[in-house]
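Going by the order they are written in, the chains are A, B, C and D; count residues from 1 in each one.
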Amino acid sequence: MKVLVFGEVIDGEVQNITYELVACAKKLGEPVTLITSDADVSNIDGRVIKVNAGEISPWHYRIVEKVIEKEKPDVILFGNTSCGVDIASQLSANMPVATSAYEVESEDGSIKVKSLSYGGKVIVELKLETPAIVVLNSGSYDAEEGKGKASVEELEIEVEKDSEFIGYIKPAEEDVDISKAEIVVSVGRGIGDEANIEMAEELAELLGGVVAGSRPVIDQGWLPKTRQVGRSGKTVTGKLYLALGISGATEHVEGVKAKNVLAVNTDKTAPIFRISRYGVVADVNELLPVLIDKIKEIKEG
Amino acid sequence: MRICAVLRLVPDLVEELEVEENEVIPFRYMPNERDEHAVEEALILKEKTGAEVEVLGIADPDNEADIDEGLGMAAAKGADKLYKVILDRPSYKRAELAKALAEFLSDKNYDLILTGIQAIDSFAGNLGGMLAKNLGIPYIGGVVEVNISDGEVVVKKELGGGLLAEYRLSTPAVVSIVSAERPLKFVPFTKLRQAMKKAEIEEVELELPEFEGIEVVRYEVPPEPEITLIEGDVEEVADKLIEALKEISVL
Amino acid sequence: MDVEEMLETYFERIGEIPNSDRFIQCIQCGTCGGSCPYGMGTLFTPRRMILAVRAGIVDEVLSSGAQWLCTSCFTCSLRCPSQIPITDAIIPALRELSLLEGNPPEELAAALMNIARYGNSFRESPRKRDKWIKEVDFEVPLISKKKKAEYLFVTECFGAYHRRCKEITKAFAKVMHILGVDFAILGNEERCIGDLVRLCGEFGLFEDLVEKNIRVFEKYEFDKIVTHDAHAYNALLREYPKFGFEKEVVHHTQFLYNELEKLKELFGKLDYTVTYHDSCYVGRRNGIYEEPREVLKAIPGVKFVEMRRIKENALCCGGGGGGVWLDSFIKEHIKERPAESRVKEAASVGAEVLVTACTLDVPMFEDALKVTGLEGQLEVKDISEIVLEAIES
Amino acid sequence: MLRIGVYVCHCGRNIADKVNIKEVVEFAKKLDGVVVARDYKYMCSDPGQDLIVKDVKEYKLNRVVVAACSPNLHEKTFRNACKRAGLNPFLFYMANIRELDAWVTEDPKKATEKAKRFIKAVVNRVKLQKELEVGKTKIKSSVLVIGGGIAGISAALTLADAGVHVYLVERQPSIGGNMAKFDKTFPTLDCSACILTPKMTSVKAHPNITLLTYSEVAKVEGYVGNFHVRVIKKPRYVREDLCTGCYQCVEDCLFTEPVFPSEFDEGIGKRKPVHIPFPQAVPLVPTIDGSMCMWLSARKCPKYCVEACEPNAVDFNMGMEVVEFDVGAIIVATGYKPFDPSKIPQYGYGIYDNVYTSLQVERMLSSTGPTGGEVLLKDGRKPERVAIIHCVGSRDENYNRYCSKVCCMYSIKLAHLIKERSGAEVFNFYIDVRAAGKAYEEFYKRVLSEGVYFVRGRVAYVTDIPESEEEEKEVEKGRLIVVVEDTLLGKVRRIPVDMVVLSVGLEPSEGGEYIKKVLKLSCSADGWFAERHPKLAPVATNTEGIFIAGCAQGPKDIPETVAQAQAAAGEVLSLIQRGEIELEPNVAYVEKEKCTGCGICVPLCPFNAISLKMDENGKLRSEINPALCQGCGTCVAACPSKAINQHLFSREEIIAEITALVKD
């Protein structure tokens, strides 16, 4: 089965989703990755078609169309990202598509996809006739498996442009938006005192996440107001919510919509455990230093 | 400048969904939140440029009445014209809707068509891009701010992690909104009821074309994740925790 | 709206509220501003709001956001030497203007929209309102089945959905159950009574709730309503009669007091030092001061101590008037939440348990315990929880 | 043959603007019995009255109707006009088309119709009116003054100096009232005692004054010119006629230290059971408090006081004494009591030690007071910062809605005195500074320039709960925090102080409440005695022969009180000088044959004018004393057998009037 992967490059960097897509494609068959912007693509595993059409733009779907004509893939994979969806959605006007997919398999020449829909409350199993488009949620496949050595073919494709990229607007440093973070390490009153926030920050950095907090911690001024999770703060929706010393008052839990909640609390009956996938019964301040050391070991080792 | 905003209905997830193998039966419907943001953005543009705003409420025979409140809300906020588009049957295939809508919109001469970036019940395509493709006009999605000047549309698009990019499009165009520039305007109860009473809604019936190649095999409810309690001494706990982090592929 | 229209709308609204004509009798003494728990945090105290409206600059008041700082604690209204209905008229009517302008604080807007849609502010299914009755070990009768009861127990949204407040609901229901009281609940037919909605200036929604609730009440036969929700009590007592609902309403503190002789026989011994917080809409607004104190003093082993700010002078928990939905907005304007000052006060008089009689209080104070670090030293309980504990000890 | 004249007044534009006078006059002309109807711009003016006089003579009128204002204003005027014209003045009646019509009716058409109705009604009733004769009664030349404060003292002295005998009755052991408690008076800072004491001793020494202290007026019967008074003297257990005021009994009392709170010192000073409230007391005779005295309350005392008293004045056998006398007029000068600030819990009176009332501070400032003139905190320290809160219990719908008038000025005075005595920083918290009086504004300016702070805002509350670390330190020092919205600054301020002074307002005294019942006097809604007319009869009451003076009528300062007391004395003199007075003939009378002697009317009469008497046939009948009857009509309406009727308001007259009003 031939799988065309739409690889994403933003501001000169190949996005992680690209590798995840390649990983998925490899499981389905033979991947070809299309890159439409200029970037170092050497570590994408397998064939890479590189068409330098400038910064990623919605009209790049026309390039994809040309490549489809040429390569005739059975499946075209996109990431469920802002740019991926732009292109996939235009292409899918005339082609079978599955969005919000997290699992893709081939079955008797057609494609079987599992999507998470209705706000994650329903799994939908879809069957698509090929050629088909699949828009894959990030985190569904292991990016590492999409990495390797690329064999790059550079192509020039002329298509019509109907929008123009103007430029990037980068976020101000201090404005970390916890509602958009995938991994959130959140601290509550159980953290004891302000000094321990540093440990939480270290852990967050190790996990590639950001630090947030519950109201008592924000009120103490230990973290800025922008980091507050809960009814009067923000709602977190990412992959992991690591709740450290948070009891889980109703007002707080309202803001926790992450896919996985992992709570650390000394009190086994703390309500936060009711929404947690893992409940760790421990004193945060004892656990944190040990945990940090161990993760460091793994990372370094 | 004439702007059209599309307002779809989705199941109200606050209520229980009845999930059967071949069917998802919602208890009731509500306007899709992203679409509400598209309507809001359209009305912000009306404030900014004096554009005319028309709202297309989309329902099917199952939930025809549920769109009224959403349209009333739009009217209360200042929409100029309301359409109630009733599809001949429910369909999860966005391509079908996109085709039918494109046909309906093709002679309406809107300068800008706004939709929500996606709906919570979409698993078979996103409307905005398909609509643009069918209409043969430029498209961009993931937008958080729209500005119009001299027949050109400049949008800010969200790329994730706080990064934004700016694009320029010629009109007519389709733009899919993630969130409006400001929070949704609040409409008090009385104002909404008045608007609903006064609003003139043009009803349109649309026939959906068939679109082959996609088929739902089954619906199912994801298994309830059960809590795994991790107890023991600190060392032990830390190890188990790391395992857990690996399991959910954070490490 | 332009300013003229705003003023017109404003005066039309306050004209519908009793004694609002006293608005023009304001002597600008400032008692309200000084009495306000948030008076330090705003330029527009009620006094200045009145002054500004009189001067026709209502828009400046609205843009300051001061109208959202009111916790409707009623202190200013009680003390106002001109008896101007500040809490019931001056502030809600200003809030209504903000709502009409479409830009209330987000948390509040969400709560109001949830109430309009689901009948509760929690964005919970109305069909789960009676879920708590499956979590208790005795039968809580539904009036739809029973048809007739002496008491209709109104649980209100917090009592039905809020994790902590549900425990109070259960405790009170159990006390009634033990006493053999003929009571029933509306279950999923109940919806928000709406006192906070009214105080937030969403008058249209409030009226809609009132009409719908009255229609449900009229379906069944019962003698009186009992509720542990101070705001529900207030609205049913003072506002619903304006819409033709005239059943007797009893607050659970009054109920417990009335049943005290029976309770005394059931009480075991507790070993607590307790203090009592006069919730605004139990005490100051509705004058119930002694009943809860008598109940607490009647429990053997309980040592009752008073705080400094009691009865008319009690400090608000900060949850009323929509305060529960305005937390972050309010926090921007003040140094310390009243609830924090309150739990410190309770601890300072040596109380181990801070007893309240309003569902809003418990989560507000428990939060404050976390912020002030008094967790473990002080507990917050509703009076019905203490009573149940005394019965079960 | 009835010959009625109707006179319609324009009252300038007051009536004419709303009522179509011409139409009304034409209407009146056509009424049965009316021979002449006229209008005039001001009927009450001389030319207006002359018009009536001329017509009565010319047209031989035997009834006159004037349609104008309220009879309260001009009934007398027109009655006199009738009299001048030779017509019995009770054949005249007024229709009120001003207060009841023109002033309250929006629509001119309706107003005109209403005026017609009123005139028709009065014409109808005037037909039934009969000639009445005015009775006369002699006036006794002695006077009762109730209350021995500065008002009562001033009135009594003025009358006594004019040769009138005065009975001055005071509840307390000494005269002097509230003024005796003050240290200095505003704005001149005269020493209160220095100016009051000579007056008090004059009272004691005056041959024309009978001073009855520690006494209550128990009963007053009779009517103007002829009041019979019964006074009860409470036993003070020390005989005034023997006591020399040597204090020996006080010194030798079983209680070696004063332990009971002194009323005169507003509870901050202490006294013994046997005590003289203050050194300048008049009479300077101790009183023994029966509830505290160990002998009187428990018979457990060797009676050291009896032993100590050389003139043998201490007499435990004393009992209640009843004194009775007759007077021609009464002056009520029962004064005021300070507002009880514990009703306002947020000010902390009775909760915090260092919250005082203004009167308590007056006692502190007095050199004869408990602190010998020093301003001290409860623990004996001098305050460094003092708050004076104005309008406590005044200008407040929750307590008293009226302005107590004197608090601004006394608060300014207290600020000055506190600063002078203690050197403290003083903050005055006010709503408005009302310094309207001779030299008052100047005094305010002076105190301002002395550095007293004035914060415009009514204090919200006084607390000892700190909200910041700085406040915590202040509270640890024992300070209280005064929370106020400084309305000029537009900011809520929290001001730490050592002492809070509550400038309490004035309320009708308890003695006044009691006298109100004894004399059946009417009061305003706020409880102050009502004057007959706020402007033109400010010291008279609605009961003939009874006058009011001083704070009994409403809050006043000393100059105003004295002026009013002397004015009341003047009114009394004017009454007494007449020797006799005319009595209104509109009294009720009993038609004996109809009376069943049921007695219902007797307790209903507010003026005690009705009694049940055995008639010649041995049957009980009601009898109305025409001199006491004030014509209120209560008995007329109440009589179940319609045996009581009233001159000028007979049943027939009233029914005639109503019939014309309601029937087309």
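Going forward, contacts are C-beta pairs under 8 Å (C-beta built on N, C-alpha and C of every residue); 3 or more make two chains touch, one makes a residue touch a chain.
Here the structure is a predicted model, which means the values were calculated and not measured.
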By count of C-beta pairs in contact, the leading pair of chains: A-B
Centroid spacing, where centroids are CA-atom means, of chain A and chain B in whole angstrom: 21
Separation of chain C from chain D, taking each centre as the mean of its C-alpha atoms, in whole Å: 46
Chain B-chain D separation of Cα centroids, rounded to whole Å: 78
Centre-of-Cα separation between chain C and chain B, whole angstrom: 37
Where chain B touches two or more other chains, by residue: none
Interface hub residues of chain C, defined as touching at least two other chains: 123
Residues of chain A touching at least two other chains: none
Chain-chain contacts as defined at top: A-B, A-C, B-C, C-D
Of all residues in chain B, those that touch chain A in their complex: 11, 13, 17, 19, 24, 94-95, 98-99, 117-118, 120-134, 137-142, 154, 156-170, 173, 176, 178, 212-222, 225-231, 234-235, 237-242, 244-245, 248-251
Contact set on chain A toward chain B in their complex: 10-11, 55, 57-59, 61, 81-83, 85-101, 112, 115-129, 132, 135, 139, 142, 162-171, 175-177, 180, 183, 207-208, 239-240, 259-260, 262, 264, 268, 273-274, 276-282, 286-287, 290-291, 294-295, 298
Residue numbers on chain C that touch chain B, as the complex places them: 96, 99-100, 102-104, 106, 109, 112-113, 116-118, 123-125, 127, 202-205, 208
Chain B to chain C touching residues, read off their complex: 14-16, 27, 30, 77, 183-191, 193
For the chain C and chain A complex, residues of the former touching the latter: 107, 122-123, 162-164, 325, 327-328, 331-332, 337, 363, 366-367, 370-371, 373, 375
